[in-house]
Every structure is written in C-alpha cells, then in structure tokens.
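Paired with chain B in one complex and with chain C in the other, chain A is shared by the two complexes that follow.
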Partner chain A sequence: MTEDKSEILQGTLDLMVLKTLDAIGPMHGYGIARRIEQLSEEALMVNQGTIYLCLVRLVQKRWITARWGASENNRRAKFYSITKAGRKQLDSETKNWERVAGVIGRLLQLSPRN
Partner chain B sequence: MVARLWQFISRFRASLRPGLLDRDLNEELESHVTMLVEDYVSRGISPEEALRNARFDLGGRAQLLEAHRAVRGLPLLDAILRDLRNGLHVLRRNPEFAFTAIIIGLLCVRRHGRQHMRVAVILMTALAVVRYIRCNALASIDDGGRTSGN
Partner chain C sequence: MIRALGMAAILLRVAFGQAPAKAPEFEVADIKLSDGTRDAKVQFLPGGRVDLPNVTVKSLIMVSYGVQENMITGGPKWIDSDHFDIVAKAPPDTPRNALRLMLQPLLAERFKLAIHREDKPMPVYVLVVAKGGPKLQKATSGPQQCRWNNPGSGMIQRECHNMTMAELALSMPGWAHGVDLPVIDLTGIEGAYDFQFEWSMPSGDASKAGAPVIADPGGSIFDAIGQIGLKLEQRKHPMSVIVIDHVERVPTVN
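Then we have the complex of A and B:
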C-alpha cells in the first residue's frame, strides 16, 4: 500500500508464481503471494486477489496442479505444485525474460547525443 | 499449443459447472482471509482491524468472483448456457406457454402455410383463455385464503 511499492508488470506474475513453486514446493495462494512480497523485499505489491486469477490460468494450462490439504496451522487450504510441463515453461520464460531484460538494459545505457 | 488446448478444454468444462467452482473459490478465499488475519494478529493488530485489513487486501469478493469466472470459463458459452437455463426456468413455470411456443415454433420451421397459421391462432387463443381463467382464480382468493366461486 505504500507509494514506493511497484505494481507487477502484466504477464510477469505467471513467471513469478512458477518460479516460487519451483523453489519452495507445494504452497497455497496466500503463501505464494507472501513469498513473492518477501523475496522482493516488500518492493513489489502483489494484489492478493489477482494471484487466484493467475493460479487458475496456470492450472488450466497444466503448468501447475491444485489439491486441497492442511496448512501449517492445520487450516484447510488449496495447495499448488509445479508440473513437468510447468518447469519446461519456466525455463523457456526465464530465457525470454533474460533476453528482453538484456535488451532493455542495453537501451537504457545508451548515452544521449548532444 | 498443447497448453492452449488444455486451457480450452478446462474452460469448456468450467462453463458446465459454474456453481461448484464458485463454491471452491469462495472456500479458498475464506482460507486466505483466515491466514491473513492470523498474520496481522501475530504482528500485534487487533482481530477486528486484522479482519478489516485482510478483506481490504484481498479486494472486492464479487468483482474477484466475476473476474475468476471470466478467466476460468468461456464467456460466450457461459452467456448462452445462462440464457438457456433462464429460458427453461420460465418455460417450466408456464407449461401451457411452453407447449404453445414449441408447437408454433415447429409450425413456423416447417412452412408458413394458411393451415398452420390457423392452428397457431387457435393455440394462442387457448393460451389466452387458460391464462385468463388462471388470473381470475387467483384474483378470487380472498385474504383468508378461501376461494369465492370459479
């Protein structure tokens, strides 16, 4: 909610969720949102509701699976896990992201003509 | 390509069972709010304020449900199925209207002949008479629930 927090770029939330699930294993929606905020050192603002739209999209594409289970506090929660197809997609998205970030980085380093 | 195919199949299936998936999401959001409240309370916030903050963080439930439906289903198919369900509901409540509408529809599909038009007019008149009798019967029920005539 603070002004120095950045909104997540459209389309990058899928990549973040896949990476989070790949790194920490099965996790519920709340845990995923919190983990992304913590890893970004609270610099990114994750709209907590939007995470569920992202999750349903990823489940539909079979990049993640969902099943009901019990949380660490013994609460009923839906847990998401990355699939083999999801890992493959994550690999491809990571390469694409690195390529785009590299191009943007080089563009921003161009010195101005005067 | 495979992912898109799976997505289409999932969205098609989701359109056929909207109620079940709404309940599933509602339960998941409730669980999210509970965990968020526990988190706020552990940071020293009062339970009432924690609940208020948690609901605010999650956003409007109705908007979220609507957005979820649009993402998980096929909006065009959803609209057609919703119209069909509403149509069937109306037809079930007015069987004589349903019967007349179906017969007239079938006649119109076959041919616009004079004979068929005559049948349609007879059916429409019969429908009007049935509705008139039914309305009169309802109007004649007095406040005590006793019928007077008809």
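Then we have the complex of A and C:
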C-alpha cells in the first residue's frame, strides 16, 4: 500500500508535467518546475531536482521530447514538448481521474441511510 | 526520558562551546550501480524509507540542495552519467522534508562530496519599470490570488489580485514557455497590486518530425508585460551556486 501511494504521487507528478506542456506549449525545465511548485505547494514535495528526474523519466518513456532551441536574446536553451504518445497518455490519465472523481462525488452525495 | 537526556546533552555541549551535533543521517543506506531497468524516481516513503532508483549524483545534489541544473558547477562528467539505485532508512517518525535533507550527509559520507557556495554572475531576467512608468492598480482587499482567463483568439490572460512585484517575479517562470530563467524584482515598487495582461499561446507539435520550437506568434509574455508598464530584461546577476570541490566515483560501503 505504501509503494502504491508513492506510485500515485509519481503518477500525479507525471500528469502535471504532461498537462503543463499540453497547456502552455514547449517549456524549459526551470519553468516547468516553478509552475508545478506553485500549483502543488507542499503536497508533492517537488523541487528542481524532482522535476528534473521526472523529465528524464518522461523522455525515456517518449511522452515528451527535449530539444535545444533559441530562448529570448538568442540564448541556447533546452525546451521540452509533449509528444503524440504523451497526449494519448494524458487523455487516458485524465479520463481515469474524471472517472474516479465521479465515483467519489457520487459516494459523497449519498445520505447516511443509503 | 532517553530523548530528553539526549536533548539536554546537546544543550550542554552548545552552552560550553563544543561542536554542535551532526545533522540527522540515515540509519542505513544501500548504494549500488543501477542496471537502468527502473524509471528514475525520488520516493520519500512513510516510515522513514527512501527509494531512489536510477539516479545520478548530479540529480541527488539538485534534489537535496533544491537547486536547478545550471546552479551546480565543477565536478567530473560522470556525476551526470553514472546511475545508482539507492535505498535508505531513517527513524520511522522522520518527516518527509527531513528525508530530502538527509541526502546531503549521505552524499558527503558515501561519495565524499565536498562543496562550497559562492556567488556567481548568472543569466537571469530582471523585472524593471518600462518607459512611461508602471500601469498597476493598488490592491483593494482580499487574498492574493491569480487565475487564468481565456479571452479567445489563441490568447491567454493572467489576472492577479493583491500581488507584490517580488511575488510576480517569483511566479513568472511558471507562466509561459519563454521565461526559462529566474526572475529578480528590481522594480523598486512596494506594496500589492491588481493587474492583468495577456499574450498568445505558442504553437508547434513536437511529435512532427523536424517541428521547430517556435515563439508565441502573436506576442509573447515579454511583450505582454508592457501592458502593465513593466519590462523583462536579461542580465547577469549574482546567484548562489554550488561548487563541487571533490567527489568520488565509487561510493563507500555502508
């Protein structure tokens, strides 16, 4: 059960990174980490290092790609983008979350007598 | 009782000018070269357990010191290419954030990692006032909050209430793909404000072969910040970086 909880947290982080790239477009690792730090606060215990490892993991799974590009002022920087496979994974995970949320929502609406 | 005596001993040592107690460390830690079959992860588990498969020394420094990749200088190339599987155990009631910090003495003891901090001019963005002055509205009341609005035509809008310029600077790197460096507030503007500004979303599908990473076609966040009378400029600014003085490739045994 302990390992399952950790897998859920890692999966949540993967989902947040995929969603960030899907919503905002190609992004540098620093920006991804700052965004998720702001959104998750202490819940996922993320910092630049944990996001860095998440990005390594998602590149290995081919859900995102990393490409060197020109940033503002033509500075060389690495940007991450979501792939077609990553969007498929995001759709599947999102549907799963919505399904679970729907079940919990119905359960919470049940009166004590049900 | 034993814990109270231990605390008393620490206080006595400090009172009499003796060296402070060592930082908390893992009770046991197993480190071995990874076969790369598991996904790279950082897992701080309840009960004081830590499982870090397929991690590099560089990523461990990033996680334990809370720094980004380019804030680590020095060190041999292998810190980014040798992968390790690490399993460690701390007392069961150790808070999860303490587990992260305990990676620091682990690195020092097992990899003989020695570092020091120094200020180094690093590329950052600075938030400054644009020509014509700021166009901000003093915050009325209510909590500090920001939200995303969709004004249509491929634009995205960020609306913030009760936000200081320092908070804006801290938040901006997570808002748009181009802000890929820390932002430092040099506006000199005190107090909290309500404001909103919008920019266009970038396009480009990374799954298509040869797809370029293209900037926002209709105006980036760098253009948009001008709507509130501010400007982002890239400069070099002293930032505290970690300098690796020494590290050993083969970790010592437990």
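One rule holds in what follows: the second predicted complex is superposed on the first by the 77 of 114 C-alpha atoms of A that agree within 3 Å, B and C clash if a C-alpha of one lies under 4 Å from a C-alpha of the other, contacts with A are read in each partner's own complex, and residues count from 1 in each chain.
Assume a contact is a pair of C-beta atoms (placed from the backbone, for glycine too) under 8 Å apart; a residue touches a chain by one contact, two chains touch by 3 or more.
Because the structure is a prediction, the values reported are computed rather than measured.
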A:49 touches, of chain B and chain C: first, second, both or neither? both
Dominant contact partner of chain A by residue count, chain C or chain B: C
Contacts of A:76 with chain B and chain C, given as first, second, both or neither: first
Which of chain B and chain C A:24 touches, first, second, both or neither: second
First, second, both or neither for A:36, with chain B first and chain C second: second
Shared chain A contacts, counted only where both chain B and chain C touch the same residue: 28-31, 34, 47-50, 52-53, 56-57, 60-61, 71, 73, 75, 77, 85
In the complex with chain B, residue positions of chain A that touch it: 28-31, 34, 47-50, 52-53, 56-57, 59-63, 71, 73, 75-78, 85, 89
Residues of chain A defined as touching chain C within the complex: 2-3, 5-6, 10, 24-39, 45, 47-50, 52-53, 56-57, 60-61, 64-65, 67, 69, 71-73, 75, 77, 79, 81-85, 87
Contacting residues of chain B [partner chain A, same complex]: 2-4, 6-7, 10-11, 24-25, 27-29, 31-32, 34-36, 38-39, 57-60, 64, 67-68, 71-72
In the complex with chain A, residue positions of chain C that touch it: 39-47, 49, 51, 55, 59-69, 96-97, 100, 123, 170-171, 173-182, 201-207, 211-213, 220, 222, 232, 234
